Amino acid sequence: MAVSETFTRLRTSAWLGWQVESNWADPVVFFIYLIARPLAVSLTLAAMYAATRDSATHGAAFAGFYVANAFHAYVNTVVVGMGWVIFEEREESEMLKYVYVSPMGLVTYIGGRSFVRFVLGSISAALMLLVGWFLLGVRWDFALTRPLPLALTIVAGFAATLAAGYVLCGVAMVLTRSAMTVLEGCMLGLYLLCGVIFPVDLMPVWLRPVSYVLPFTWWYECLRRFLLGHGSSAWMSTLTDAQLLGATLAVCAAFSLVAALAYRELDRLARRLGRLDQTTMF
Amino acid sequence: MSRTLAGEAMLFVRAARARAYVRIVGSFREPNGLLADAVFPNLGMCAFVMMYRALGAPAYYEALAVIGGILTTYWVNVLWGMGAQFYWEKQAGQLQLYFAAPCSRMAILAGMAAGGLLASMLRSLVGVALAVFVFRVQLEPFSPWHLAAVFFATMAALYTLGMIMASLFLLYGREAWHTCNAFMEPAFFLSGLYFPIRTLGAFGAVAAALLPLTLGVDALRQVLLGVRSPGLMPVRWEFAALCGFAVLYFFVARWSLRHLENLSKREGRLTQRWQ
Amino acid sequence: MSRTPDVQAPAVETRGLERRYPASRGAPEVVALAGVDLRIERGEVFGLLGPNGAGKTTCIKILNTLLFPSGGEARVAGFDVVREAQEVRRRIGLVSGGENSGYGILTVRECLWMFSQFYGVPGAVANPRIDQLLKVVDLADLAHTRINRLSTGQRQRMNFARGFVSDPEILFLDEPTLGMDVNAARMLRDFVLAWVRERAGRTVLLTTHYMAEADQMCDRIAIVDRGRVLACDTPATLRRSVQGGQHVELEVRDGGTDAAALEGAIGVPVAWGAPHPERGTRTLKFRLPEGRVLGQTLRALEERGISVQGVATRETSLEDAFIHIVGRTLDDDAPGGGA
């Protein structure tokens, strides 16, 4: 009974998510989010690589950056998108308080809404990989791909993505107007800290610990190694496949646990501060 | 109540000053927002600089990415602080008060632009600090007058373009939001903010003709990096084109604002929220 | 250059004013105003009364130059709202109740100052005026508080003050006391009346849901429904327009008598009101026709075995007049009505 009820609620919120997204998502808007923006980033990376080709001959390294950048679409779409749900439900439709007090509860509701975001993120990532393969010459040898570790990596990464999304929901609940900029900032912060387009070894020494506790740093490195056959971080390259995969799974699990606790605390803080129905005047 | 030219000018100045005041005061009163606006655009820039390092590119590439990154602060402000502003005003129920007031709508936009520019100049100092102290960007000797002329011509063109966007978005509901998003990464790419625009070849020249951001970043790189940054056109031409854009955009903004205001009044969309 | 204002022109004049919202996204066309004729003289406090969707707010929007009419003509202070919008804007103020104005980041005082600047009010005039208005709306102590820290009621009072910072010739108050507490609403009503009295020629056009507010404040009231003016007169005349005498409410023992039997007994239509289960009674409402004596009616009821436990009478109210003219109460939505 409880399982079927939860499933029904998840399905309802996923349906609502689709209604909300597809309401504004006429073809032009779909184009903007799923094609234009990711494509522009891909093309920027390709142009940067093309501009430096005379002096740099790191084609394989570039492929690693490009692939991680494609998977970063999940962070942009799911993690930040989940935070946006809170912001929009509170500020625009002013529905947050009603969802919060409903039997469905916010956790289930956000989970359902994230489903649509996962679909959109997948489209975006797939598109970037296809553009890279067919237009930009970002190719790799599938003989080097290791499907099982790759599949495990993807599952772990998705779990971490969902967990990070819940943390941002909590942050968005606690913050009011500045939630908007903080969400955007988190997107860019993760882009930098997780070494999406460069080896994380290049980060200043004092910032590296931050990078290493973030699951996406490990996720991207695993994706590179198990999809392309090589990673980009010199330090992580010293780890065996099993060590790298184990570390990634452990970091993702620990992060998810911490995220659950953080969400609970942020939820309480938001209630203490009276933020659940607090709309700001822009 | 008499309507003299001096009276109109005074009303324009008062309204623009009041609107600029909101921008400037707003920037300082929200430390979170200030931090976010000053720091976040630079995070993307840092990532691109790191990528150049990872690819073993000469330091000059890092410098041009840093200059592009600093201009990003202004472009983001033009998009979100100018372009989408009337959308926010409409959502907050404020737009109707502007349109029922006797001051010119261009005064409101001019105030938004002036306030946004001033606030963004302060924010861009973070980018400059990163350039100088973290990335140790090496500049060629340059004339501060040339830099000031190119910078202000770029700003004039960008913010008058923002005025056009604001007027276009008058009719928009949530679409304004999405349109602004559409002008983020695609504009970064088309303007060559993080790579030499020449890399795009003829395509780059077309982009330059469409976006003042392209010309602005190219001109600034030429002034600051000298011969290391061969531009699309001589700086003088780019400066003239930016000035031309600013004048053209101003008049287009005025016309489109009037036209779209009338259209939205006919369709009843000026005060309609949640479209 | 502008043309000289005609000081003799009425504050507001509309002729055959129409506004249609075209059909869109599956919604049918809405006729919000279907030929409204109004003439509001200078110095009047004029009320627009109508149920939801009657077209009141649409009318206010057109008069405030925010919306074009689809047909007809509207003039404010003698200026056409379409062709001479700029001249109209110099002379008007707008307060929409239940709406926010200003930026959360500004203080109350800064927000009022900002709006005064949009109307070109010099600082030397604006500042003392703002001080005075802050006292009137009881926000003087919060003058330096940010708007986003105000309560809803405080924001509404600030919004009310904003409408007066330019000291407009003609003020449009669209549900100005919506959601305000009783004391604040009374204070603001008194202020508006004093403002009109003390300044010759100042005019107020008020829309409200509160009958008592309209009755107390307005020199004349137009009752609108489905985009048409159904009646326009002083509140007293509108009340008198309802034929019949006193409204009677009887508390009778609840003995299961049906309304038809009662109507037969007293000869007028009746309606059941609230039951009082703790006393075993119900309220019976009817209007006593002129010339009839209440005592006769009570005797007729007693003869039928209906025990009357209490009697209350009242004169015809504006609400009675409204129901009589419109055919339903103020809170009933107009089917297919506009905004």
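Things to note:
Letters A, B and C mark the chains as written, and numbering starts fresh at 1 in each.
As a convention for this text, contacts are C-beta pairs under 8 Å (C-beta built on N, C-alpha and C of every residue); 3 or more make two chains touch, one makes a residue touch a chain.
These are the chains along with the protein names UniProt gives them: A = ABC transporter permease; B = Transport permease protein; C = ABC transporter ATP-binding protein.
Keep in mind that what you see is a predicted model, and the values were worked out from it rather than measured.
With centres taken as mean C-alpha coordinates, the chain found closest to the middle of all protein C-alpha atoms is B.
For the criterion of most C-beta pairs in contact, the winning chain pair is A-B.
Taking each chain's centre as the mean of its C-alpha atoms, chain A lies 28 Å from chain B.
Centre-to-centre spacing of chain A and chain C amounts to 52 Å, using the average Cα coordinate of each chain. Averaged Cα coordinates give chain B a centre that lies 45 Å from the centre of chain C.
Those residues of chain B in touch with two or more other chains are numbered 30, 92. Multi-chain contact residues of chain A (touching two or more other chains): 177, 281-282. Residues of chain C found to touch two or more other chains are 100, 102-103. Per the touch definition, chain B reaches chain C in the complex via residues 1-3, 7, 10-11, 14-15, 17-19, 21-22, 25-26, 29-30, 92-94, 96-103, 108, 262, 265-268, 270-271. Taken together, the chain A residues at the contact with chain B in this complex read 24, 28-29, 32-33, 36-41, 43-45, 47-52, 55-58, 61-62, 65, 92, 175, 177-178, 181-182, 184-185, 188-189, 191-192, 195-199, 202-203, 232, 281-282.
Touching chain A in their complex are the following residues of chain B: 30, 32-33, 36-37, 39-41, 43-44, 46-48, 50-58, 61, 88-89, 91-92, 174-175, 178-179, 181-182, 184-186, 188-190, 192, 194-196, 199-200, 274. Chain C contributes residues 1-2, 5, 19, 21-22, 61, 64-68, 86-87, 89-92, 94, 96, 99-103, 105-106, 110, 113-115, 117-120, 146, 162, 339 to its touches with chain B in the complex.
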